[in-house]
Every structure is written in structure tokens, then in C-alpha cells.
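In the two complexes below, subunit A is the common chain; its partner is subunit B in one and subunit C in the other.
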Partner chain A sequence: MKLKIRSMKKAQVITFDFSTSLIVFILFMAVFIGIFILSQAAEKKQEFELEYVFANLENNLRFSPNPGIDFFSDYRVDKAKLTTFVSLIGAGSIDDYVIGTVGNAHGIGLNPSGYSTCLYFTDNNGSRININGITALGYLNKRGASCEDVFSTSTDPCEEYENALAIFKPVLFDENDVYNNRIIQMNLVICKK
Partner chain B sequence: MKHRRKMMGKKGYMFTVDVTIAIILLVIGIAFLFYNFKSSKTVYFTEQLAEDIIGVLAYTNTRDLCIDPGIGASEGCACPNYPNLSRIVCNENLKDADTNLLSVLSEVIERGLVDSSAVKDSVKEIFASKNIIDEKRFGFAILYLTRVAPTALELYNTECYLNPAIC
Partner chain C sequence: MKKSQISFEFMALFTVLFFIFIALASFFPTSIDRTSSTKGIAQTLANEIKVKAITASLSSSDFIIEIEIPKRINNAKMRLEIYAWPENLLLIKDMNNGEQLAKAFLPKIDSVILPSPSISIKKLIIRKDSVNNNLSVEIVPET
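This part shows the complex of A and B:
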């Protein structure tokens, strides 16, 4: 009788131990899977929004209060207007134009303070096109340097950022001269803080 | 007493194995989470690329790249930076030469004005040879569909895909 009670007690302890470990295991698994699914969804959302940065840039340039800087429209980059834009921006930030909203434009709803962006144009020989001495527009806040300076060091521009995104678009580089007009690559590097 | 000691030892051994496995699982889990959140990775967009290839062809006019389109090369027509495109645009049989590149390509294919290699060479010249799309990183094919043709006509396919040995 005593032996029976002892073995039943033992069985109870084992059952309790097993149930506890199972519950803890299920809880841990649920937390891990939940966090994984959430992170995937967040990444997808971010990509979806950033898909429209070229359209956002085009829109911002059109509605900007500064006249004559709408250099990009309908897969065409107007060199004369791009030169005006480069003179206006210099080594400063272009985050408002790419991620945010300028003037009365409808933006993609992202806060430019969360991103740093660089814009450059790759020529048919693979080199970056030089406009008024600048080959890469934009400013990387976290690194405290212009895109031009960071690019010249050949390091990853988004080195100190959480995420990096590289987008390109084939565009006609319109120099208003059939001998120099050519289809080139317009590049955007977006670093997420 | 001896038996009890032996049993306790066995129990202790089992608990140690249990704790070791639990710690290993915990470390794997934390490492997985850390990797998922902390790794700085570069994401490349390719979804939009097909639309962009068609888009730039649709928005670029023949006069942007060529001199006097629609007349023969001997009469002065030329595409200074795109000799292969000249084979298509400098054709006196074109009904509409003063239009965008996509329309001109469609016309020469539909009416059989040039051989298929001219279209293929032109696409290669515009996008692959001039560093617009790196064929080693992005494979792409251009297919042409008509209402009458039973299958899609392949205008261009990445050379790396056709002949992987060259890449």
C-alpha cells in the first residue's frame, strides 16, 4: 500500500514536471515564432513603401517651391535641370526629396529623419557622372559626412546603419544633344537608421 | 543505501543533460533572434526592373538618340552612341519613325523589316553592353506577344542564361 502511494506520488511529480516543461517549451516557441513573423512583416512593409521612392522624388521635384529643379520625369533626366538641383543642394541632404515631402507633393508617408539617402548616376562606362564637381548627392547623418565624401573612401555608405537598400532605374540622360544623349543608370542608396 | 546513491547519481546525470540541452536551445534561439535583427543587409529591388525596361523604351524617342530617323543610313540617318539601333531606326520602310523606341521595335518585328538579330543586338547594346543591367547579377529576358502568334517570341535573353560558361 505504502509502495503504491509512493509510486503514485512519483508519477504525479513526473507528470507535473513534464507538463511544466511542455508549457514552458510551447511558450518559448510561441514567442520565437511570433517575433520572427513580426520581423518578416515589418521588413515587407518597409520594402513595399520604399518601392515608390523614385515616384516620390519625381513628385517632390515637380511641386518644389524652387523653380527649374524638376530634373527627373518619365524616365528622363534633364541635365540642365539636374545641374540647377545640384547647385541648390550642394553637399547637403536630399532626404526630404526622396523619402519625405516637399511643397504640396503627396509623399509616401515615411519620416525622412529615419533614413539617409544618396543619389548618383552611373554612366555607360561604369563611372559616376560628375555634375558641377559632385558625383553623389546627399548627406549621411549618422556618419556626419556627405555621400560624395563617403563614396570616395570606397566604404559601405550604410556601414553604421541598420539596413541598406540599393535601387536603380534605367533613364534617358538628356543633354539636349543627340551625340551625348544616352540611357544610363539612376541609383539610389537608402540607409535606414 | 548503495542502490539509492546509484539512483541519485543517475538522476543527477539526467538533470545535467536536461540543463545542457536547454541551454543549447536557448543560445540557438537568442543567436537566431540576434542575427535576424542586428544583421545589416542590403536589399536589392528587382520587381520593378521589368517595368522600367519597358518604361524607358516607351518614353525615349528615336530623335533623342538618332539623327533623322526613318531615312537610310546613306542619306544621313545615324544613332551616334547606338550603332545597332541604327540598323532598326535608319530604315526607309518604317511607317512611323518619329516615335518612341518601343513602337519602332514593335513595327520592325510585326512587319518583318529587319532580321531578329538586329532587335536582339539593339536590346543588348542599350541595356547589357552599356552597364545598365549587369547580366551577371540580374538575368532578364524580353518576350514579344501577339494575338496571332501561338507562343511568345523571345527577343532577348541574358547571355549568362543561354551560355552559363561565359559568366
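This part shows the complex of A and C:
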């Protein structure tokens, strides 16, 4: 009888040891798989298509059904045509022009509904150039405000968005006046939803 | 039963399980790696095709480019599916089991010339006809 009880106790201890080992093993395995999966998950990068947004804007302006708004060509911005474009857009969205497709253009394979964009021009002293009373074009859907309004608050325009990208391009600002034509900076802020 | 005996049993059991774990761990990354590298290569190819399609899309003059398509990626025999407007979609699939290896959204594609899905692909031709403003993709089969 004593021997039986002793052997039962030993069996219990072995079962306890076995389950402890099993739990430790499962925990070990879970930690390993977790670390492995985490190391595999690559850091989310900006879509490479966004490199083409300036070219896409230029192309879309060319194919737009609205005449006289193709203000941007190569490295030149035509002030008169930009003024026409600003009058057309007002405080509205420019996402179709920058990210999407306008008219018969073919686009760059991005859906503009996933982005909000702002376009503005800065002079040598860093100040935003005023065109027809507007210094920043575009509309930020998530914030429910135009880029002009958001910029005036000096807050991050993409603060309610998942991701943000700011790109710029030096351009010749053609005012049709040889003494005033100058190099300025064309800036795009792209907020990803 | 002595404490040292319990401890020894624990160590023995843990060692057995640890060896099983090491065996599994050595196999696990290899199989995952192979799948992820196949998908990674397929996605790189899809992105390359997309870049060429974007270049064609933004071209203001006639544009034509041929892209050689590898027959296989690792063990996967490739099948390309391209859908014109309104989908404008490129899918790279494994011909053997139909598994999707890569996906890319393309610029607005006006027309696609496709061979039979079961035929091996040799190359892809992207054309931009600037006069008619037409962007087309042709999948050329192996002869």
C-alpha cells in the first residue's frame, strides 16, 4: 500500500514537471514566433508612386478639360495660368490633379480618395506666394478645412492622418516680366489617410 | 522523493522539449523564407512593371518598352493577369496552385492583349501612342 502511494506521488510529480516544462516550452515558442514575425514585418515605406506626383500634376493639367490651367511645365510655372487655376480650384481639393487622373490622362495608379494634398509656392525668403488671395491650394478632408485655413493656424496639416510626405521642386516663376521672373520653390504636402 | 530528483526530471523533460523546439525553429524560418522571397521577387517584378507603366503614362511622346518575364520564381511558375480600365490591375500568380504572389495598381490601361492563361509568358510590352493618347499592354507568350 505504501509502495503504491509512493509511486502515485512520484507519478504526480512527473506530471507536474511535465506540464511545467510544456508551459515553459509553449511560452518559449510563442516568444520566438512573435520575435520572428516582428522582425519579418518590414517598416512601412512611402509608396514609390509618390515620386511621380509632380509629373502627374503636370500631365493632368495638360489633359484637363478646363483650358488655360496648364501652369506647370518642366521647371517653369506660368503665373497667369496659375492664377486661372487658383480661380478654378478656390478652396477646393486638388487631389485629382496631384494623385489621381483628370480628363484623358492615365494617372500613376493611385487612388486620390486615400490622400489629401496641399500645394503652395515659397519665395527666396521662405514666405508663401499669394496668388489671387490664396497662398495654399487644396483641401484636407479629414480636418474638414482648406489647406489655406489649416496653414494659417500653424499646425501640422497632416496631424489627423496616418502618414505625411512633403516634397518640393525648384521652378522658374514666369511673371512674363524678365525683371521679376525668379526661381521659387514649389511645395507639395501629401497626407495619407 | 528528493528535491534534486524532481529538478533532474524537470531538466530532462525540458531538454527533450528544447531539442524539439530547436528542430522546429531550424525548419520554420526556411519554409517562411522561401515563401516570402518568392512573394518578394514577384512584388519587385510587379513594381518594375508599374514603374514602366507610369513612365509610359506620363510620356508626352510615343513610348514603347519590353520587359522580360522570368518563367519561374523559385518553384513557382508564373502567370500574369492584367486588367484594363476600370480595374487597372496587375496580378502575379502561381500557375500551379493559383496563389496570388503580387499585386499592383497600374495607371489607366486602355487595352490589354492576353494569350491563353495556360501558356508560358516571354515578355510584356507596354505602349503609349501619344497621338491617340492610348496606353496598352501586350503579354507575349513563349513561341
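Structural remarks
One rule holds in what follows: the second predicted complex is superposed on the first by the 146 of 193 C-alpha atoms of A that agree within 3 Å, B and C clash if a C-alpha of one lies under 4 Å from a C-alpha of the other, contacts with A are read in each partner's own complex, and residues count from 1 in each chain.
Basically, a residue touches a chain if its C-beta (ideal position, glycine included) is under 8 Å from a C-beta of that chain, and two chains touch if they have at least 3 such contacts.
Just so you know, these numbers come straight off a predicted model, no measurement behind them.
Contacts of A:28 after superposition: both subunit B and subunit C are touched. When both complexes are overlaid on chain A, the residue A:126 reaches subunit B alone and has no touch with subunit C. Touch criterion met: A:20 reaches subunit C, while subunit B stays clear of it.
By the touch criterion defined above, A:193 lies against neither subunit B nor subunit C after alignment on the C-alpha atoms of chain A. In the superposed model, A:142 makes contact with neither subunit B nor subunit C.
Once the two complexes are overlaid on the shared chain, A:110 sits against subunit C while remaining clear of subunit B. Within the superposed three-chain model, A:36 lies in touch with subunit B and with subunit C [touch as defined at top]. On subunit A, the surface touched by subunit B in one complex and the surface touched by subunit C in the other have residues 28, 32, 36 in common. Across the complex, subunit B meets subunit A through its residues 29, 32-33, 36-37, 40-45, 47-48, 52-53, 55-56, 58-60, 63-67, 80-81, 126-127, 130-133.
Residues of subunit C touching subunit A in their complex: 1, 6, 9-10, 13-14, 17-18, 20-21, 24-25, 28-29, 32, 36, 47, 50-51, 53-54, 56-58, 60, 88, 104-109, 133, 135. Subunit A meets subunit B in the complex at residues 28, 32, 35-36, 39, 47, 51, 74-76, 122-126, 158-159, 161-167, 169-172, 174, 178-185. Those residues of subunit A that touch subunit C in the complex are listed here as 9-10, 13-14, 17-18, 20-22, 24-25, 28-29, 32-33, 36, 40, 48-49, 52, 55-56, 58-59, 62-63, 101, 104-111.
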